[in-house]
Amino acid sequence: MTKKLILFSSIFAFLIFLTGCQSLTVLDPKGPQAETTADVIMTSIWTMLIIVIVVFILLIVMLVKYRARNQADDYEPPYIKGNKWVEIICVGIPIIIVIFLSVITVKSTYEVEGKPKGYENDEPLVIYAASSNWKWHFSYPEENIETVNYVFIPTDRPIEFKLYAYGPIASFWVPQLAGQKYAMANMVNTLNLAATEPGEYMGRNASFTGEGFAEQTFNVTALPPADYQTWIEEIQATAEPLTEDKFNQLLEPGRLGQETYTGTHLEFSPPPTTHHGAKESDGTENTEQEMNDSMEDSMEN
Amino acid sequence: MEFFDRFAVPNPTFTIYASMVAIGLTMLAILVGITYFKKWGYLWREWLTTVDHKRIGIMYLISALLMLFRGGVDALMMRAQTAIPDNTFLNAQEYNEVFTTHGVVMILFMAMAFVMALMNFVTPLQIGARDVAFPRLNALSFWLYFMGAMLFNISFVIGGSPDSGWTSYFPLAGNEFSPSVGTNYYMLSIQIAGLGTLITGINFIVTILKMRAPGMTLMKMPMFTWSALITNLIIVFAFPVLTVALAMGTMDRLFGTHFFSIDNGGMDMLWANFFWVWGHPEVYILILPAFGIYSEIIPTFARRNLYGYKSMVISIVAISALSFLVWVHHFFTMGQGALVNSIFSISTMAIAVPTGVKIFNWLLTLWKGKIEFTTAMLYSVGFIPIFTIGGVTGVMLAMASADYQYHNTMFLVAHFHLVIIPGVVFAMIAGLFYWWPKMFGFMLNEKLGKASFWAIAVGVCLAFFPMFISGLDGQARRMYTYSESTGFGIWNMISFIGASMLAIGFILIVYNIYYSTRYASRDISSDPWNARSLEWATHSPVPDYNFAITPEVQSLEAFWDAKKKGHKLFKGNYKEIHMPNNSGVPFIMCCFFFLLGFALVFSMWVVAIIAAIGIFSCMAHRSLEQDHGHHISVEEITKTEEKLGGAKK
Amino acid sequence: MRELFPAKQVMGYFFSLLLTVIALAVYFVDMSYQVAMTILLVTAFVQAGVQLVVFMHAGESKDKWSIYTTVYYGVFIALVTIFGSLLTLIWGY
Amino acid sequence: MKVDHSQPLEYSTEQNRLNILGFWIFLGAEIALFATLFASYFLLRNGTGSGPSDGEVFVIDTLMIQTFLLLTSSFTIGLGVHAMRLGRKTATINFFIVTLLLGLGFVGVEIYEFTQYIDEGLTLQTSGFSSALFTLLGTHGAHVTFGLFWGSFIIYQLITRGLTPETANKSFIFSLYWHFLDVVWIFIFSFVYLKGMI
């Protein structure tokens, strides 16, 4: 009886959860990268559901059937050591499931780390996104403009975000377009994504950075390429230039609204060139580099 | 005056001042109380200087319950703050302090202490030993843990709590972004407590390997002892990593080194890397003893032997090795390539296999059994469904590409709470109910116990299931508030209700302890559950020397077979028993450790040097001292055995 | 006097000095990085083995099995920590 | 206390056997500790910031002296334990004293080496590399220094109490500790110094 209660309430909760899925941000993707992750998530949920149901049914059967109250008083449970076949099944089925999920994981991980599907041959738009306490600075080196706490991107074009931070580690996250990646102070990370539909998407820092962390959000607006071009031209014509002093002021800890400038901070405050703080390889690192290459080769083969 | 400024709390509020007064008054009341009832001598002789594993276990237990209270209040405050959008019950700084201390206290000072409590009390009894291999080191372990915990807790009123999360990632935890001394407290208190844990690890490995009763081969060891052995093995190899990481963090903060700094070639993710090299095995350090407890309780109340003992052993050994191979899954999003992530995804998912084996073995232990739903059993079978959900979401998190979406969200929070609470907390409570009569000679009230189970089980589900949803909807963890338009409100409200139910459940347990202490019958047998392993073969409460005659073991379920097949456990006559002497040195040494930690937190070098000299003096004393313990005479054994209801056969 | 200098230990000592000299060759003799690293790896682990077996008597008591398990497990963890960290933070990009 | 005379003195009681196994397991933990320090050194080796790099500061002379001193001390303490098993108290004490003197020499050379580094502008605070280097070497050096004190206490007890199961046990465990430090030094010698100088 008691177990059933748990079972029903959890199945009930799960049903609510599944019906709500479509409207949940992460499961409502607007670009190829997020679509891949959403598919992976749904596949894993269904697979795991099978395991959960099997365990729950087994548990309920055992608890109801072998309850002391449902048995004769003189019943003496037998001594059962274990059975080879049962154990092979207990090990075998999880192994099969793990292999299945591993294949999906490896495939999808390479997919979301690479260029967005369908846009492999397009020239990506490079945007530098830097976190500072507790803001996001977006620099468009080609268009020579900079925005704070919001970013406009064209639809149907791959975007390459170059991520780094002034200060603590932040995690760049636009759930409807792609998964997270860290922005760190001593290394530049690359995040590939693309938007297939115009619209406004929530973006935020997901990694705790201190007092203003909860509000460290930004808006991503995806515009059709023509509208995007208009926007660029408008900014270039109207915005104030970004000076070094002004940028240093922006870096002061605190919250800011959305701001727009011409020019970028990349000229006077370039992104880090180190790899996790270490200088890029000198002579002695060759073998490590080679090892790395050969490992990648063997993966591809 | 300037000297004292450093001790001020940087962000004082009325609540903190009120707590200061409350803490001060409580301390005073305790001191006055002990003096008034003339209990100083008793306290010193029987507890502060004890080296008895049973008493040390009980002290761990009391500390764990205290810390559970502290961490629980933190949790309630967090859930209350986020229950409604744009709440102002706590501000960002307070919220950050609260979730940081909640994590540290619950993992390191509550769960670890609880594990240590049961391990200390039960393991030597299960293997038929008189004590652990190094009783005095055992006392040292406890006092190191205790002083570490106290040092961490005073940060609240002296100098300010740490506020950069229980993971304390650099550079956020560095001097630039966390200028208050809070993070110093974090580094030093965990260092001190960790040292104690490491010593326990060594102690218990030797105990289990060398002090088993005659006839108890490794494959005849009870499952809890097996899990204790493997847990301690993990402790011995994982904790040094934490020691080094914490030492580096301390040096970065106190001496300006560049391990984790963002300039001069420091590597900020190195902290995260080492933290999780320790941190993931730590999860298994907590959960393996819990698995061991379930493997004792489920067979006892299913009235059947544990199904697939051998595969249970193999699976925990496999888990111990795999637990060291998965740490990178805590930062899949760092930017390392798909290759690294794929490797660690697969190794992580591989852990699901041995864990699955264990779940199925427990289910099959119920098969053909005669199941009796005592409180301990309720917690054990309640663990299976909830843990399964926590576990399968763990597999989902292990998939790197999907983790890019779960990372740092409430989904993750839901996952690890649904693993740790049923996995560790349920087990500890189950173990508490199960071994309580052995510890104190009376039973906890079953009715209250069952009520607490339902409150806690339903509370856990209510508190954490909604987080899966709000996580997938984009709620990051550690956000002190959110706006109404996000739509997270309803889920967080349900969470808060669940958290309140959890609180009620824990209050019921505490009340149960009080109620049973006052009213429960003292007239119980030494084997009230009709159990299967050796600890039930001796008296309740257990005499100092555990077993008057060292038991001889013939089978895996030694005590059960003694009852059912008439195996004789205790052969021969009483002989003089050699026991270790009590010692005040561990306690005094740990007071110096506390002083050292406190002095380093505030960079008071002279005090630190004095404290360090104190520590070394204690070690020198130990080196030169000659202490051969004492002997309990045959007459005394006979007398004690008679008083406890006659000799055991 | 002679009995104080058992052959096994004296040999062990000279062998460890020899290994040190071989390792020093990577500094004094010009060779490629790979060869040098191979020499260092071999000499270091053999040297450690000599200490363990000849001087530390790791295999002399009944707890041989426990002692070797501890050492092997420790080496396993050491290698995992070192190479895992290198893979994660340097090589794997 | 039961003394088993068929075994060497240091193994002769149950507590002694527990102590020895316990110390081996402690050494297992030490392996993990030094592995972490090595890992951080390898990772931070290129994090030199604006300071000098490893090839620029390492010197072969001090390295060879240190290695010779420590290897020899490991040999002499081995002889000390051998003498102990022969029941030769004075020889044991003398070998232990020689060991500690060699250890003292090692620490002295290490301190001299550190002052050289500081003169060249490489301090604990210079860079990620220097922090990791000083911490790795310093942890090993601190272990040796601790060993000097510990060893002195044991020599004192050997002199005043003679060869008993207890003192023999302590001496044997101390020898394990000392050999272990030698093993760690071999790895520092190979993978910190020599690897940095090629």
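Brief remarks on what is shown
Think of it as A, B, C and D in the order they're written, each chain with its own count starting at 1.
The rule we apply is simple: a residue touches a chain if its C-beta (ideal position, glycine included) is under 8 Å from a C-beta of that chain, and two chains touch if they have at least 3 such contacts.
Being a predicted model, the structure only gives us computed values, none of them experimental.
Comparing chain pairs A-B and C-D, the larger number of C-beta contacts belongs to A-B. For this pair, chain B with chain D, the centres built from the Cα atoms lie 34 Å apart. Centre-to-centre separation between chain C and chain D, using Cα means, comes to 15 Å. One finds 43 Å separating the Cα centroids of chain A and chain C. Touching two or more other chains at once are residues 33, 37, 63, 66, 70, 73-74, 77, 81, 85-86, 89-90, 92-93 of chain C.
Along chain A, residues 274, 276-279, 284, 295 each make contact with two or more other chains. Contact of a single residue of chain B with at least two other chains is seen at positions 209-210, 236-237, 241, 265-267, 269-270, 274, 277, 334-335, 337, 339. Taken as a graph of touching chains, this assembly is complete, with every chain in contact with every other.
Taken together, the chain C residues at the contact with chain B in this complex read 63, 66, 70, 73-74, 76-77, 80-81, 84-85, 87-89, 92-93.
Listing the residues of chain C that touch chain A in their complex gives 33-34, 37, 86, 89-93. On the side of chain C, the complex with chain D involves touching residues 3-6, 9, 12-13, 16-17, 20, 23-24, 26-27, 31, 33, 36-37, 40-41, 43-44, 47-48, 51-52, 54-58, 61-63, 66-67, 70-71, 73-75, 77-79, 81-82, 85-86, 89-90.
Within the complex, the chain B residues that touch chain D are 133-134, 198, 201-203, 205-206, 209-211, 236-241, 243-245, 247-248, 251, 255-259, 261, 263-267, 270, 274, 277, 578, 616, 620, 623-624, 626, 628.
By the touch criterion given at the top, residues 2-3, 6-7, 9-10, 13, 17, 20-21, 24-27, 34, 36-38, 40-41, 44-45, 48, 51-52, 55-56, 58-59, 62-63, 66-68, 71, 75-82, 86-87, 90-91, 93-95, 97-98, 101-102, 104-106, 108-114, 133, 167-169, 171, 173, 175, 178-182, 184-187, 189-190, 202, 204-214, 274, 276-279, 295-296, 299 of chain A touch chain B in their complex.
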